[in-house]
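For reference, the structure I am asking about is given below.
Going in written order, the chains are labelled A, B, C and D, and every chain counts its residues from 1.
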Amino acid sequence: MLDRIVRTRRAGEGNGHLAIEAGLVTDATQLAAGRPTAWQAVQTARNIARPHAVEIIGRVFDRFQELHGDRAFRDDPAIVGGIAELAGRPVMIVAQQKGASTEENIQRNFGMPYPEGYRKGMRLYRLAEKFHLPLVTLVDTPGAYPGPEAEERGQAEAIASSIQLMTRLATPIVVVVLGEGGSGGALALGVGDVVLALENATYSVISPEGCAAILWRSASEAERAAAAMKLAGPDLLETGVVDALIREPAGGAHTDHDATAAAIKTALIAQVERLARVPIADLLSLRYERFRAFGTIVEPSGGQAPAPPRPWWRRILSSAIRNPTAGGES
Amino acid sequence: MRLRNPFGRKPKEFPSHLWTQCPSCGEMLFNKQLERNHNVCQKCGHHFKLDAAGRVELLADARSFTETDADIVSSDPLGFVDSKPYPERIAAAQAKTGHKDAVLTGDATISAIPIVLAVMDFEFMGGSMGSVVGEKLTRAAERAFAERKPLVIVSASGGARMQEGTIALMQLAKTVAALARLDEARIPFISVLTDPTTGGVLASFASLGDIVLAEPGALIGFSGARVTSETIGEKLPKGFQRAEFLVEHGFVDQVVPRTQLKERIAFFLNAFRIAGQDLRWSL
Amino acid sequence: MLDRIVRTRRAGEGNGHLAIEAGLVTDATQLAAGRPTAWQAVQTARNIARPHAVEIIGRVFDRFQELHGDRAFRDDPAIVGGIAELAGRPVMIVAQQKGASTEENIQRNFGMPYPEGYRKGMRLYRLAEKFHLPLVTLVDTPGAYPGPEAEERGQAEAIASSIQLMTRLATPIVVVVLGEGGSGGALALGVGDVVLALENATYSVISPEGCAAILWRSASEAERAAAAMKLAGPDLLETGVVDALIREPAGGAHTDHDATAAAIKTALIAQVERLARVPIADLLSLRYERFRAFGTIVEPSGGQAPAPPRPWWRRILSSAIRNPTAGGES
Amino acid sequence: MRLRNPFGRKPKEFPSHLWTQCPSCGEMLFNKQLERNHNVCQKCGHHFKLDAAGRVELLADARSFTETDADIVSSDPLGFVDSKPYPERIAAAQAKTGHKDAVLTGDATISAIPIVLAVMDFEFMGGSMGSVVGEKLTRAAERAFAERKPLVIVSASGGARMQEGTIALMQLAKTVAALARLDEARIPFISVLTDPTTGGVLASFASLGDIVLAEPGALIGFSGARVTSETIGEKLPKGFQRAEFLVEHGFVDQVVPRTQLKERIAFFLNAFRIAGQDLRWSL
C-alpha cells in the first residue's frame, strides 16, 4: 500500500491564478544570495523606522478618506480603514497601524488591535462588498492585544468572525504583509485572493519569543525558534503562505519609504486589475481552495481526500437551470 | 456524620490507580465510578477532563459512531526540532492516547438525529491544531455540508500547533471557510467548549457555533492567563476566562453540566430540524 | 380643490390579514363599559405584581432554553431570549424582563435594556431567520436605559438597527406588549406581522412623566399627559398601533397570572399558526405595508401618495421569468 | 493688537439684527457675512445652526434642487392640547419658518451626481418627527429606491413629535423599513448629523447611513444629557454626546467642517458610483 502524501500548496504550483508580475518574487531563488537569517528578518520587520500602514497608504493611494468606528463600542486606532483611489479606482483599505514613535505606538497600542478594531474592519469589509469596492488589507501587528479587556470583549470571537467573513466576502481581496504577521491577530486581516508580503516581512503562528518560552522554556532561544518556525519571506513562499514577495530596497524598507511604496503600488495595481476581471463566483471558489489546500498530511490508506464539493452557488445556479431545451449545459 | 476528607491529603489506603482525589471538594473518588459518571465528581460536580473516546460515549447514541479519516497522520513539514524532533512528539502522543492525532471525527446519531461529530483530545499534544486536525475538521464540515447533517464539534485545545509553523495558523482559515458554507446552507453547527479551549481553536471554529455551549468551569480564552496577567502586571478578575465568565460577557449561550449535554444538544438540533421541515419557508 | 386626508391605518380596516380570533378584542366597543382611564392603565401596566416575561414564558411555552449574550460585550439581563416550544412548534422568544421584586429589578435594570441587550436580540432574530423559527417578542419596558454608558455603547444605533432588522426578518413575528411599551426602547422589539397587547398595556412615544415635564413643564401633570397621548389599549386599537387586545382577568393581569398566560397562549398559537401559512415574501410585503401606513397627513394638492413600489423580491422574481412561453404571468 | 471682544458682552454698537456674537470665541460677526459663510464663525470655526434653505444651498448644486411633497401638512390625529392646541403650534412654526413641516425633501445634484436630498429644520418645532416628516422621508427613500439614486439625509431634531403620540413613534419603523429596501438594493445612503440630532431620529434613520458624517461640535445622543445626568446623579464626561465623542466611540465616520461637507459627500458618492459601474460584480 502506497502512502499518499497530501502536501501543502506552494506558491509556484498551487495557486494557478497569480501571474508572475514584474517586480514580484515568486521563487526564492530569485532573491539575492546572502539572504538574511530568520532572526534578521524578524528584526527588520520590527524596525520602528520601517514604513507603516499610514505612510504606505499616503504614498500608494490618492484621496484617502478614513472611516472610523465599529458602530458598537469604540474606534480602535490600531486599525486604520477607509476609502481611497488606487490609480483612479476606488478601493477599501483596512490596515494595522504601528507607531513610528513611542507616542504614536502608545496611541496605536503598538499595532495590537482590540476586538473592536477587528469589528471596525468587518464593518468596512461589508461596506466594500456592498458597493463593489476591491479590498486591500495591510498586515503589520505583533498580534491581537492579549489584555484582560480584550478578552472580556471577545478577542477570539472577533478574530474568528473576521477570518470567516473574509473567506466569503464577495469582492476581490489583496493582502499585503508589511512587517510583522503576528498569529491570529494578523490572519484576521489576512484572508485574500492574493497574499503578498514585503521581502523582509514575517508571518508566524506565534512570536519567536513566545514559541521559545513554551518549547525551549526560555525566551532567549527566540533566534533558534525563529529559524525553526520558517517565518521569513522565502519560507513563506516555499509553503505557499504568501503568493509572492515584493522586493525591498537593498538596505531594507526602512531605508527608502518612497521606493518601498512604489513597489507596493505597482504590485497592487496589477493584482487588483487582474482580480477585478474574474467573475466573483470563481474568485470565491478559488479563495476557498487557496486556504483549503494548506496542510501536509500522510494518509496511509492511500485513500483519496474527498474532492471539495462544488460551491453552493454553482449548485444552485445549475439546479436553477431547469429548461431542458436550453443548450450549452453539459 | 461522615467526616469530610481534608483537601490535599491523600491517605495511603487510596492507591492512585484505583482512586482519584477531587481537586475541588477533596473527596476520594473510585476511578471506575468516576469513569461511569463521565469524569464528573459525584459529590461536588467538578468536571475532570474527558478524553475523546469518553466524549464519544457521552454524546453519541450507543454503537452509532463510525470514525472517519482515522488513519491520516501528520508529516513534519518544517523539519521542526525543539528539545526533541516533532515526529518523536507525535509518536509519543500516539502511544499515550491510542489515536493518530488530536481530534476524532465521524458520523453518529444523537438521540436518533444523524450528525457529523468531532471531538478533540487534550491528551494529544494539548489538543493542538496542526494539519491533521485542520484537515479532519474541514472534511467533517464538508461532509456535513454535502449530506446536510448538523455538525457538532467538542473542543479541547491549547491552540495552534507551533511545530507546524504558519501552516498551523492557516488551519484557522481553512476550517472557518468550510463552516461558512455550512452557515450559508443553514446547516446547524453546535460548538461545545470544554476545559481548556484557548488560542487559535477559540479564535476560529470554536467561537462560530450557531449555539455555543460550555462545560462548567472550563477555561476558555484567547491568550493564556499568564500572558494576560503579565500584560497588565496585576491580578486578573475572579473567574476570568472561565465558562461562566464567558456567559456573562456574552460569548457562550449556556453552561451545561456534562451529564445534561447530550440531551441539550438534542433539544437544539430537534428545534432546528422541526422548524426547517416547514417547506413554505424556502421562498 | 378637495383636501385628501391620508389617515393612519386602523386595526379594523387596514390590516386585512388578522382574523378575529376567539378571545381577541379588535374593536374597543367590545370592551366592558367603565374602562379604566389612561392613567389607571399606566398604573396597572406598571404594577410590580403584574406577570412579567419570564413568568409568561414559563406558562405559555414548553422546554424553554435560554440563550445568552450578544457575542461582543455582555449578556444583558433586561432582555431574555431563547428557544422553546409553543404547542409543539419550536419558536424563538425575545423578551424584556422587569423584576418582580426590588432585587430582581436591580438585576434586570428595571427592564431597561442596554445596547448589548438589543444586540443580543438581533443575534437571536438572525438565528430565528436562519433556522425558520417563528419569532415571538414580549415588550415590557419603561424605555431603553438612558445612562451614559448606554449612550457610549450606542443606544440609538442599537435601537435603529434592531427596528430595521425586524422590518425585513424573513420569519413570522408576533409581538405582545405585556405591560409598558416605552418608546424606541419598546419598538426595538416591536416590529411584527401582528402586534398584540394585553388589555391594560400601554404604548407611548415618551413616558407620561417625560411628556408632562417637557410640554407642561411639570411632571405632576403626567395624568393629563397620559390622557392626551392616547397610550392605552383602546386608543392603540383605534390608531392601529396594535391589531388586537388580549383580555385580562377582571381585576387586571396581576390578579391571575395563569389566566393571563392562558389567554396569551391561545392568541399566540392562533397567530403563529396563521402566519406560518403565509409565504414569506407576502409576509414581508404585508409587514412593510403595515408600518408604511402609519401617519395622518393632509395633502392639499389632492395629489395621490405614490403607491408603494412593488417589493424588490417581486420585481426580481418577475424579471427572472424570462421564458416567453411560460404562461400564467399577466 | 486688536482687543478680543470679551465673551458674553455685547456692546451697543452691534445691533442684533445686524450682528451676532459667537458663543465660542466671543467675536462679533456681521450677520450677512456669517450667512455667506454658511453660519460658520470665520474666526474660530464655530458652527451655528443652519436652516433647511441654507442647508440646501450649501449642498445642492446651484438651481438643482426641486422640492417634492412640499405641501403635505400635519393633521391632528389625537386632538392634542397642552398649553396650546397642536394645530396652533404648527401654524406658528409654519409662520416662523415658511415651511409646512420640519423637513424639506427633493431631487438635486451634488457635484453633478443626481441624488434624493432631505434636510431637516430644527427651527420647526425642534425638528421633531411626526407623520409629515416620516411620510416625506419615506417617500424620499422610496423614490431613491425606484430611481436608483443615492439618498442624503441631513438630520437636526430633538426626536419624535410628542403631539402625535404613538403614531410619531411608528415613524421610526416606517422610515427604517424604507431604508432597508435601499440597503438591499445597494443604493448608498449618507447620513449627516448636525446640531442637535437626538432621540427618535437618531434611534432610527439617522444612525443607519452607509457613511455617517457629523458637523463639528454637534450634539448627538439618544437621551437628553439632562436625563442622562439625572440617571447617574453626577457630571457627565467632557465632550459627552458631541460629534467628536461619537467618532471616538465608533458611531460616526468623520467629523466634517460644514465648508467641506459637499465635497466630502461627493467623494463617497463618486467612489460608490464608479465601483458600482463594474457590471462583472453583479453575479
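Keep in mind that, in the parts below, contacts are C-beta pairs under 8 Å (C-beta built on N, C-alpha and C of every residue); 3 or more make two chains touch, one makes a residue touch a chain.
Just so it is clear, the model here is predicted, and its values are computed rather than measured.
K.L.:
Looking at the contacts, which chains touch chain B and chain C alike?
P.N.:
A
K.L.:
Between A-D and C-D, which chain pair is linked by more C-beta pairs in contact?
P.N.:
Looking at A-D and C-D side by side, C-D shows more C-beta contacts.
K.L.:
Taking each chain's centre as the mean of its Cα atoms, which chain lies farthest from chain A?
P.N.:
C
K.L.:
Report the inter-centroid distance (CA atoms only) between chain A and chain D in whole Å.
P.N.:
40
K.L.:
From the C-alpha centre of chain C to that of chain D, how far is it in Å?
P.N.:
Roughly 28 Å, centre to centre.
K.L.:
Rounded to the nearest whole Å, what is the centre-to-centre distance of chain B and chain D, using the mean of the C-alpha atoms as each centre?
P.N.:
Chain centres of chain B and chain D, defined by C-alpha means, are spaced 52 Å apart.
K.L.:
For chain A and chain C, what's the span in angstrom between their mean Cα positions?
P.N.:
Here the centre of chain C sits 45 Å away from the centre of chain A.
K.L.:
Mind pulling the chain C residues that touch 2 or more other chains?
P.N.:
Residues 71-73, 153-154, 157 of chain C each touch two or more of the other chains.
K.L.:
Return the residues of chain B touching two or more other chains; collapse runs of consecutive numbers into ranges.
P.N.:
183, 249-251
K.L.:
Specify the contact topology among the chains shown, as one of line, ring, star, complete or other.
P.N.:
Basically it's none of the tidy shapes, so other.
K.L.:
Dump the list of chain pairs that touch, please.
P.N.:
According to the stated criterion, the contacting chain pairs are A-B, A-C, A-D, B-C, C-D.
K.L.:
If you look only at chain B, which of its residues touch chain A in the complex?
P.N.:
71-75, 77-78, 80-83, 130-132, 134-135, 138-139, 142-143, 145-146, 160-174, 176-181, 183-185, 199-200, 202-208, 221-223, 227-228, 231-232, 236-237, 240-241, 249-251
K.L.:
Under the touch definition given earlier, write down the residues of chain C that touch chain D in their complex.
P.N.:
5-6, 8, 144-148, 150-157, 159-161, 163-164, 166-168, 183-184, 187, 190-191, 203-206, 210-211, 214-216, 225, 228-231, 235-236, 239, 241, 287-288, 291-292, 294-301, 305-306, 308-309, 311-312
K.L.:
Looking at the complex, which residues from chain B come into contact with chain C?
P.N.:
183, 186, 188, 210-211, 247-254, 264, 267-268, 270-272, 274-276, 278, 280-281, 283
K.L.:
Can you list the chain A residues touching chain D in their complex?
P.N.:
63, 65-75, 83, 85, 89-90, 116, 120, 127, 130-134, 170-171, 276-277, 279-281, 313
K.L.:
Would you mind writing out the residues of chain A in touch with chain C in their complex?
P.N.:
Those in contact with chain C are residues 71-73, 115, 119, 153-154, 157-158, 323.
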